[in-house]
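Pasting the structures in now, so scroll down.
Both complexes shown next keep chain A, but they swap its partner, so chain B is in the first and chain C is in the second.
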Partner chain A sequence: MELTAQAIFTGVLMGGFYGLVAVGLSLVFGTMKVINLAHGELVLLAAYIAYAVESQTGINPLLALPIAMVIVVGVSLLTFYLTNGIAKDKELNSLILTFGLGIVLTNGLLMVFSADIYSTQTAWFMEGVVVADTLFSMRGEIVAFVVGICALGALYWWLNHTWHGRAIRSVSSNREAAKLMGMNPTKAELWSWGVAGVLATLAGVMLYVISVIHPPIGHGLTIKAFIITVLAGMGSIPGVLIGALMIGVIEGLTTTFFQSSLAGLSSMTLFLLVLLIMPSGLFGKKAGH
Partner chain B sequence: MKFLNLSGFIGCALGVALGVGFSGTAHSANFIIGEHTPLSGKLARVGTGSHRGIVTGIKVLNDMYKGKHTFELKTIDDESSPAKAVSAVEKLASEHVVAFSGGYASGVIGPASEAANKAHIPYITFGGVATALSQRGHEGFFRINSAAGYGKAVIGLVEEMGVKSISVVYSNKEATLKMAKYVEKKLTEDGLKISMHEYDSHVQDYKSIVNKIKLRDRPEAIVMIGYESEYVGILRAAKLLKPNVKAMIGVWSLATGKMAKEFPDLMENVYGTAMLPFPVTFTSPKQKLFYDAFKSNFEGEPSYLEQFGYVQTRLLGEAIVRANDKGQLNLKGISDELRKTDEETISGRVRFDEHGDNPEFVQRVGQHQKGKIPLVWPASAKTGEKVFPGTPWN
Partner chain C sequence: MKYTLETKNLSAGYGAMEVFWDLSLTFEEGRTTTIVGPNGAGKSTFLKTLMGLITPRQGDIRFKGESYTDQPTWNRINDGLVMIPEGRLLFSDLSVEENLIMGAYPKKTRKSMEKNREQVFQLFPRLKERRNQEAGTLSGGEAQMLAIGRGLMEEPEVCLIDEPSLGLSPVMTNEIFAIFRELKQEKMTLILVEQNTNQALKIADHVYLMQAGKVTLSEPREAVDLQRLEDLYFARKD
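Take a look at the complex of A and B:
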């Protein structure tokens, strides 16, 4: 019982973080139908900026957020301009372009920061939190979970209750119709890439405080984010949260009751099962509707 | 006729020039050593360390044979990928390298050394410890370390501790998996109770594994067989959950100055294999030769990666010169000379058996103690006493 509770607790916390990593990719995918294969590297870039700020100044890595946000949003907007310039077969060519950008970013980080591994030196994030005498986590994990839930909630509110958010949704729904209604789709897409950059920054700084960073891990983050995005249903924020929590919990339970090396297999099995039953994902619109 | 004479002269001159370079006469020659190593990708950190050692080896060889021969290193980044390592070996073979020094991870070294064997070029490494690598019957495959050497160190330490139960947490990569199975077999034969926990390198959170160990296994010690980032994850989870164990023991990449510096709160009392203590003092002439050459090219302190890379390259270079002096600068000639090697190096004694393995290789074990890493096993190499029982949280 204690093992099961800890597995679920760990899975939920990881799910919150996974959701934060995935939601930026999901937003851009929903708006432009572009799968940004450099998203994980953007997350990693933010993590390295947090490391650079902390190691150079000794301040709390959370205070690196403004600097990281400026740089990561800048790179995200640059990616937008590059993908937006693709004239033919945008969906396919943007895959190749962003994959290439991911490689450039990974190797750039490798050149600047070397291949060494880093993690926060701020002991506060590493200290333990015990819930109900039996559930253990690090403070950093609780912070990452709370930031993840708040970011997803804020994004959901922003998309549904602000002019820019509604513009993004309408462009996502029907680009041509939105254009006829007087909207500027390019501006809406620019906004979505900018917000995706902000979300990648939050995810990156959280990654740095809960885990270990080194250059090759960006690609794995992109894959995880992509699985959650497809599982969620295109552009669905609640779907991202539910999908991320499901992945987190199934990985935790598999590790506890079977083998950690089967965790990836179990999350992929869940992914395939959901798509078999609901081809549009958990919260995706059915084709033809 | 004049034209023919001239072309004949040029042809002869070219032939002589190429002969000096590649076919192996006793004259002054430039020897090209090929290296494929992961300078990017998942293994970039270890690959970079190995590369720095090989560069240091080339520098020492050039100093040793100054005025007689020169050594040149051609390096290709294999990006931690077996396919790219094979391409690198094939490309370097086409550029007339006389031997290969490098490679990291058994899964990469396997196909890369296979390609070297097909090209009839000898291959020396320390980066892959899978037993099967040396059982393929390749005449030109050599390695200065072995899985057994690491395994013997871990088993020796555990036996000395006198614990009765162990949990082994290991990565499912080829080398780590085989090492884990070796440790399991040997310790089971010793009558210890062993529980095994395999993980994938993509795991983000190790709490579930450590919690299982804490609540179900209740071992007296935990052995970790993986790589740096994984050790950090396991130790963080263990520090949080505080299983009631007497020791945390790792294998490679753990008892290093870098880990002591980057993760001081996690490393205290943790054991790992190490050739030299940290901070290291290079006192013997052989050690000083290596250290001075290393510092002339690189910042920071050398780890075991640099030491191994250096030793294998220097031994290879000396074998190449001996083979060249005998007019046998080919796979057989270099391999024969390498087999004659029997030397006490800065990484311990090196000689090669019929498979190309070094049967003399035994690792030592260091323990993180307040930012330093004294050697605590075997007794003959001790530079400090072990803190036992002792964990980062206790």
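Take a look at the complex of A and C:
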């Protein structure tokens, strides 16, 4: 019983972090129908910047957020300009383009930082915390969970209650009608890529404080983000949260009761099962809508 | 006479197909112009070209005395040129209320958003009942009301209206035209594209008949002989 509670607790914490990794991809997918296959690499890029800042100056990696944000948002906007320049079959060709960009980023990181494995040297994040007398976690995991939940909440609020956020939803709903409301669709899309960059930065810095980084993991992050996005239903933020928590918990349970190498398999199985029953995802619109 | 909007030798089309040629039309400030004509005459394409949703092949669009041919759609909206599209051009996965709110997206209209929304709800109590419903679930008539309400939220100076009676019951059509008459009394410049010739003529100050991409009749309403218009409309010859 205690073991189960611990597994679920760890899974929920990881779920909050996975949601943070996935939500940037989900935002761009939902608004532009572009699947950014370099999203995980953007997250990893932010993690490496946090590493670089920490190893060079010895300060808390959280303080690397501003500089990481500038760089990662920059790369995200660059990706937007590249995909936006695709004249034909954008949905398909953007897959190839962003996949290639991911390879470039991975190898760029490999070139600059070598294939070594890094993790934070700030001991504060690795100290254990006991919650409710029995549940154990690292402080970093709690921080990542809280940041994840806050970021998702803030994004949800932003999309529903600000002019920029509503404009993004309008443009994705009906581009021509959005123009008739005085919106510049390209500007709205630029915003969504910029915000996706901010979210990737947060996810990357959190990744660095809870886990180890090395160049090839970006791809795995993209896949996780993509699974959660599809599980959620296109562009749904509550869906991303629920989907991410489900993935986190099933991975936690698998790791505790079987072995960690099966965690990927179990989350994939869950993913396929959900899609079998709900083809458009947890919060997705019915097909043809 | 002051023309707030005019086109000079305007042509546009899709791909290899020309939809209309060489249209030089004028629209007077504070008055109502209707463009009638059969399906496929190019009326809706003409309105979309006025809004910049379609790039003209050649010719010029002048609004308040300046050329707007190269202005993006959003600049035209911000300067008061607004189009109420035919009902299917809604944000179908946003709520009714959010659709109205998006009508207040132009910066100068944001301050009066609350007031305008209440006015729209007064005009169309139906929309108030359904404010939290997704716009995609509305009936044809309700969708048309929402498109009109959303357009009014944009505080138009010149308002282009595309086929407002399409799919509406006669009762609803009368109600909507009553609203247009009110707007006309408030001196809004209206450009109305309609297939419902009867209703459209009653409200018009000036009438254009458009057929197969050409204007075949341009007359002030008083001069229009309904019989002759219908003869032209249906290409009847005696």
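Miscellaneous remarks
Convention: the second predicted complex is superposed on the first by the 287 of 289 C-alpha atoms of A that agree within 3 Å, B and C clash if a C-alpha of one lies under 4 Å from a C-alpha of the other, contacts with A are read in each partner's own complex, and residues count from 1 in each chain.
The rule is short, and it goes like this: a residue touches a chain if its C-beta (ideal position, glycine included) is under 8 Å from a C-beta of that chain, and two chains touch if they have at least 3 such contacts.
Model, not experiment: these values are computed from the prediction.
In the overlay built on the shared chain, the residue A:Gly182 is in contact with chain C alone; chain B does not reach it.
Contacts of A:Tyr118 after superposition: chain B is touched, whereas chain C is not reached.
When the two complexes are overlaid on their common chain A, residue A:Ser170 makes contact with chain C while staying clear of chain B. Legend: residue contacts after superposition of the two complexes on their common chain; A:Phe226 is shown touching neither chain B nor chain C. Of the two partners chain B and chain C, more chain A residues are in touch with B.
Looking at the complex, you find that chain B touches chain A at residues 40-42, 44-45, 47-48, 80, 172, 197-200, 202-209, 211-212, 215-216, 228-229, 232-233, 236, 239-241, 258, 262-263, 265. Partner chain B is touched in their complex by these residues of chain A: 2-3, 6-7, 10, 14, 106-107, 110, 114-119, 123, 126, 128, 136-138, 211-212, 214-216, 220, 252, 255-256, 259-261, 263-264.
Across the interface of their complex, chain A is touched by residues 51-53, 72-74, 77-78, 82-83, 85, 89-94, 98, 101-103, 105-106, 110, 136, 150, 154 of chain C.
Interface residues of chain A, counted against chain C in their complex, comprise 163, 166-167, 169-170, 173-174, 176-184, 285, 289.
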